[in-house]
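Shared between the two complexes below is subunit A, which pairs with subunit B and subunit C, respectively.
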Partner chain A sequence: MATATEQWVLVEMVQALYEAPAYHLILEGILILWIIRLLFSKTYKLQERSDLTVKEKEELIEEWQPEPLVPPVPKDHPALNYNIVSGPPSHKTVREWKRIIILVTLIKGSSLASLKKYGVGLFNHLTFLTEIDVHLDLEERLAKFMKTEEAIIYSYGFATIASAIPAYSKRGDIVFVDRAACFAIQKGLQASRSDIKLFKHNDMADLERLLKEQEIEDQKNPRKARVTRRFIVVEGLYMNTGTICPLPELVKLKYKYKARIFLEESLSFGVLGEHGRGVTEHYGINIDDIDLISANMENALASIGGFCCGRSFVIDHQRLSGQGYCFSASLPPLLAAAAIEALNIMEENPGIFAVLKEKCGQIHKALQGISGLKVVGESLSPAFHLQLEESTGSREQDVRLLQEIVDQCMNRSIALTQARYLEKEEKCLPPPSIRVVVTVEQTEEELERAASTIKEVAQAVLL
Partner chain B sequence: MNVGVAHSEVNPNTRVMNSRGIWLAYIILVGLLIPFFSIPVVWTLTNVIHNLATYVFLHTVKGTPFETPDQGKARLLTHWEQLDYGLQFTSSRKFLSISPIVYLLASFYTKYDAAHFLINTASLLSVLLPKLPQFHGVRVFGINKY
Partner chain C sequence: MANPGGGAVCNGKLHNHKKQSNGSQSRNCTKNGIVKEAQQNGKPHFCDKLIVESFEEAPLHVMVFTYMGYGIGTLFGYLRDFLRNWGIEKCNAAVERKEQKDFVPLYQDFENFYTRNLYMRIRDNWNRPICSAPGPLFDVMERVSDDYNWTFRFTGRVIKDVINMGSYNFLGLAAKYDESMRTIKDVLEVYGTGVASTRHEMGTLDKHKELEDLVAKFLNVEAAMVFGMGFATNSMNIPALVGKGCLILSDELNHTSLVLGARLSGATIRIFKHNNTQSLEKLLRDAVIYGQPRTRRAWKKILILVEGVYSMEGSIVHLPQIIALKKKYKAYLYIDEAHSIGAVGPTGRGVTEFFGLDPHEVDVLMGTFTKSFGASGGYIAGRKDLVDYLRVHSHSAVYASSMSPPIAEQIIRSLKLIMGLDGTTQGLQRVQQLAKNTRYFRQRLQEMGFIIYGNENASVVPLLLYMPGKVAAFARHMLEKKIGVVVVGFPATPLAEARARFCVSAAHTREMLDTVLEALDEMGDLLQLKYSRHKKSARPELYDETSFELED
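What follows is the complex of A and B.
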């Protein structure tokens, strides 16, 4: 029965084939030809149009001269003349290091204990395989200290913000960043492949202008605006200028123009605020208003590495997307233990922050009025710059002058350093300067002595 | 690359259609739709549904369902444009272009009815045109651009 119906249907089909309309058969013929063309077409890349002939390519290859492996370097390159620190670091030996190298000597006890327990480092290429209780402990402590939901530890301070930014901001997103942002932020922005809009340093009017322009663009193309993410990246205390960002206005702008704020608190963590919680405490802003806080542990916590803290929703994303977290071994446990110890010290004596503020004010006042050098930075910033009041015209000349001052101060046993930049790589190269950092352990007499030495040397060199 | 294999592929979407056994799976999936009754309507319906499904999955849905380490290069690209990183006329692209045509050629079963012909051809065109290299990245009337 089934075969009979099938055969009947087949006969009908064959009959229909004989009566097929011409256009249909023509189309089928065209399609068969199309199939044959497809089968025989070669694979090619879409934009592969090289405008050079083979001969031209050969010529170019012959002309090419390799650059020397070691480029010629002037003799006074800073990398060739460096100072050596011998002995345990303390505020007496290395003046330019940050506030709590001191704390390393105080933390020696607990560091030694964890060195005996865990060894020096955990070598592996993924953090998941090397994170142990010390790191988790440090993350919890940091989250509790900063009063956020979660924190994540990176093993290298530079990589912290340089991995945090590209984890959230991708191609097609827009980032508004300050011109004086530090090099780590610049590298993070470069890695993120987003559109970068620079605004003048600490100039909220300029930022608002850029945000307004962006808003007009968004209204022209609402579909595109719906898939674009907007970020504002600022530092709490700028490394390059020693100034504090105006956070209250930033938060207002954030809510008005719907952007997210990433705050980089490397210098302000453990310095500003009543308990050292950074610029949010300094201004009394709710920490939930800031979407991500990222900081170096290399400044205030006398350890290596960095951390990011914020809401769990935000920080958890970095556990798989933060390239510096995922694809790098974790912090050596003794450094994590040192950081925990430093946190303990910060929590137990909250009075040190007020002392630091006083000392900063003192040294600022003492260094004013040097003819030829001007102090760049706020009076409550422990890191500030001494720049030449009038530049000689060429950067090398300025650098050499400042180096003279530094060398002479070194001879009088005050260690200073110039702020170093990768001149070709920085987006907005700051003028050459001597960076001075104050720590809480220096006594007032020492500060006075240092200030007067710098004054004398500067007057001798610059006049 | 196969499922569950460790790979260093930046965007696995580009290699999905090159995986072992996926062409066979595709053929079987379409074959499951082949009507058991040789009625022209069902045949046209299958053709249209298959073409609609390929249009949606290959030419409408953009980006990747997972995060890629290239900072979102393929966020605005459809799966067809992502195949083999934009290399044209690779074997999986040829396979996917030829299969709807083969299907239409078997319209022997529709008894060459004019209405069926129109519907089938229109549906075939809607699937063939976006596959041309000239249409790579083209968004007509700004539809589906962002």
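What follows is the complex of A and C.
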């Protein structure tokens, strides 16, 4: 019975086929043929048109010419013809850049002792069996001297602040930094990938404006604000301008807007304050109000390296996350011993700070009134700048004029130097200047002589 | 008799043809899970030198236990945090000031979770202070903790004559003062310790010039420049060489200083798999053909960043292949020889000498003086125009102080020793002794059945421990046996691959190495560390024997 119904259905179908109009059948036939064609033809992909053949790829590889690894450097660039110094950088041979206290003989004695005990280098990263008792000593002494809980030592001055900032400030945090901050701070900020807000040099009103703006932003998004950390990074004595930061106002702003302060005291450590403790002692501020103080030991302590000090809560974090600390070899013991000895000297003779202050004042006054050059920097600062009063218009011209002055002073045995910057890398390039540095060991006659020589030379060159 | 292995038996020794085939450039022979890369160099006279590196995988149960260990530690960590929060347990960590309690917290709670709960338990194995020169034997200050490693105090006793397997003292130049160091004493007296100036200003001493000339001579290149810190050499000079619009191809396991330098430069960074030339070639091809990502402009320059010897793995870079690639695709090569200068190569001149290549083929040779030379600082060497450019544009030359004079003198002294300029062959002997010690140490460890990573010629030997508990137990027991070792865990290594890292030195005598090996043997049995499934026997020529019966 089933087959009969099937057959009947089949017959009906064939009959329907006969009865359908012709155009219908033809249309259906064409559609079926079209479908079959589409099924069997290759798919048309848009990318294929732009895909390169192997031959084209090889041609591209052959044709490509990279830039040379380094562009050529003019042969007479000053950096290639250094002043080569022979002999120790003490106050007699050169009047060099950053040395403030040089009691070289005494320091040599103790570093000699540690050379005998430890040899020179240390062969491994600090976490791995190379923390020597000398380092622990130095850290303790520094912490005690600065009256903080803890200190941590780095083996290179530049790396100190450049590793400290990224250890705390990460992507998404906000850092307010002065325009005249030094290059090491700039590199630290770049490595931290945080938002950077620059405020005008030493201008607290500008800083307050930025902080207020940030507060308004915070109110729009309180959840985000609760996890964004805020930092203010300033220097005690600015290397680029020789001015002091207004710390009391900064501390007030800190508590008002809940930002933490990082203070970079490379130039002011061992210079400002009654006992040389830096700008906090100078203003009489409680050191615990500053979250982190970083300084390098290359200026006042006549050694190499740097340190950070502050409360244990803050400093201990750097032992595992400060890149320049964990991934780098530790300070050679003889340099650490030299630093300890220098600290001893600083503690035993607190009178030298007053003497230094006087000498700074003296040379500052003596160099005022040179026509054509103006003195930039406070009278307390042992490192200040002499800039051209009126720029000639092009930076190169200025640099050449100043170099003329420096060279002529050299001929009369006064060693000076121009402040050097990497022009393309600095965020806010300071104008060209001559850097003058005073040390404790220079006598008054020498300072007088130096001042008068500079005056003469400047008048000769600039007029 | 036909040998089923396909080799021919000749005078009782089995020569297997497969070993001597030299058609393919690189082949991975996989046997029982070991992947051995049998590769050959381009130069014909080295075609019988196989680079044998092994990175064996641990058995499954070890990985399971490792992760379980971390899991249990984490659970307990949460429990303790909870107790501390509710005041049931005393909190020993430093806390924020009262006045600043309403500031945004300085650390995310989670960031420190690992430090607080896992690292703190075994913290006594790191940062151990020593009180003598880090020679082959040294003195460790004893310290105890009364409150489970939150604070330490020194008992005042000193553990004397601990065998030092942790310092990178490759050539044995770390030593107490002896008469040969008199020159350093003189330099110290004349020049003082600090320099207090940058290279551009007043900081170039004649000692620096002498040192740079000597370094250039040692490496057989045109010129060199020295810097005060090894880490800073990388992080301050890579930004001077490349900038925006350039491409950096860096190895997966590069050191933090290279990564930081690459990031600070602003160039685009692409990472290729560790020591994997195929991965590097693919990246190079894509870079040259397709150019910069969206604009399709050509890259300005391509710089390949590799290291000579990788300290956490003990592997040596496959330099001949990389140089071939670099020539084909016109890229520049930067090698960081921090761990290989002075330690690798027949006369200690680094990986270029190890492979018999010309140092001029590498564009930038960088290294540090901390490891083999017993001082601190770094150098960059290469063609004269490269070094001149760096003298002018390096961040370190303009803003950071130069090397301290006595340190420079120490490096000069070591270089003269190694080069033989002081009239003795002591330098060469040390290099050869180091190579012998390395091979002996590695061979014995492999025989015992430990899992060792890396190339058989690298003096840095990582021994895998895996489980965090064993890491602590290992370090503590070894100190009791008066052997100082370095153990490394997360985050310096991947989470599940904690290891102990031994640094063989030329100053280690055979007896010292034997003492250490015996102790390791005991430790291995006690702590069940002998995970290797490929215990090598001491007779490698019998490996391919298939039958040990007399055949007639």
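The rule is short, and it goes like this: the second predicted complex is superposed on the first by the 384 of 463 C-alpha atoms of A that agree within 3 Å, B and C clash if a C-alpha of one lies under 4 Å from a C-alpha of the other, contacts with A are read in each partner's own complex, and residues count from 1 in each chain.
Convention: a contact is a pair of C-beta atoms (placed from the backbone, for glycine too) under 8 Å apart; a residue touches a chain by one contact, two chains touch by 3 or more.
Model, not experiment: these values are computed from the prediction.
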Ask   = If you stack the two complexes on chain A, which partner ends up touching A:W34: first (subunit B), second (subunit C), both, or neither?
value = first
Ask   = Is A:E348 contacted by the first partner subunit B, the second partner subunit C, both or neither?
value = neither
Ask   = After lining up the shared chain so the two structures overlap, which partner does A:D51 touch, if you call subunit B first and subunit C second: first, second, both or neither?
value = neither
Task = Tell me which of subunit B and subunit C touches more residues of subunit A.
result = C
Inquiry  = Looking at A:R226, would you say it contacts subunit B, subunit C, both, or neither? Reply first, second, both or neither.
reply    = both
Key: Touched partner set for A:E445, first subunit B, second subunit C, both or neither   = neither
Residues of subunit A that lie at the interface with subunit B and also at the interface with subunit C = 191, 226-227, 320, 323
Query = Which residues of subunit A touch subunit B in their complex?
reply = 9, 12-13, 16-17, 19-21, 23-24, 27-28, 31-32, 34-35, 38-39, 41-46, 166, 170-172, 191-194, 221, 223-224, 226-227, 320-321, 323
Request  = Using the touch rule from the top, collect the residues of subunit A that touch subunit C in their complex.
outcome  = 52, 57, 60-61, 64-67, 69-73, 77-80, 82-90, 94, 96-99, 102, 104, 107-108, 111-112, 115-124, 126-133, 135-136, 155-159, 162, 168, 182-184, 187, 190-191, 225-230, 255, 258-260, 288, 296-299, 301-304, 311-314, 316-317, 319-320, 323-324, 326-329, 331-332, 334-335, 338, 415, 417-418, 420-422, 425, 435
Request  = Would you mind writing out the residues of subunit C in touch with subunit A in their complex?
outcome  = 94-97, 99-100, 102-108, 115, 119, 126-135, 138, 140-141, 164, 166-169, 173-177, 181, 184-185, 188-206, 209, 228-232, 235-236, 239, 241, 255-257, 260, 263-264, 285, 288-289, 298-302, 328-332, 363-364, 368-371, 373-376, 385-386, 388-393, 395-401, 403-404, 406-407, 410, 484, 486
Remark   = Residue positions on subunit B within touch of subunit A in the complex are 38, 67, 69, 71-73, 75-76, 86-90, 94, 97-98, 101-102, 104-105, 107-109, 111-112, 114, 117, 121, 133, 136, 142, 145-146
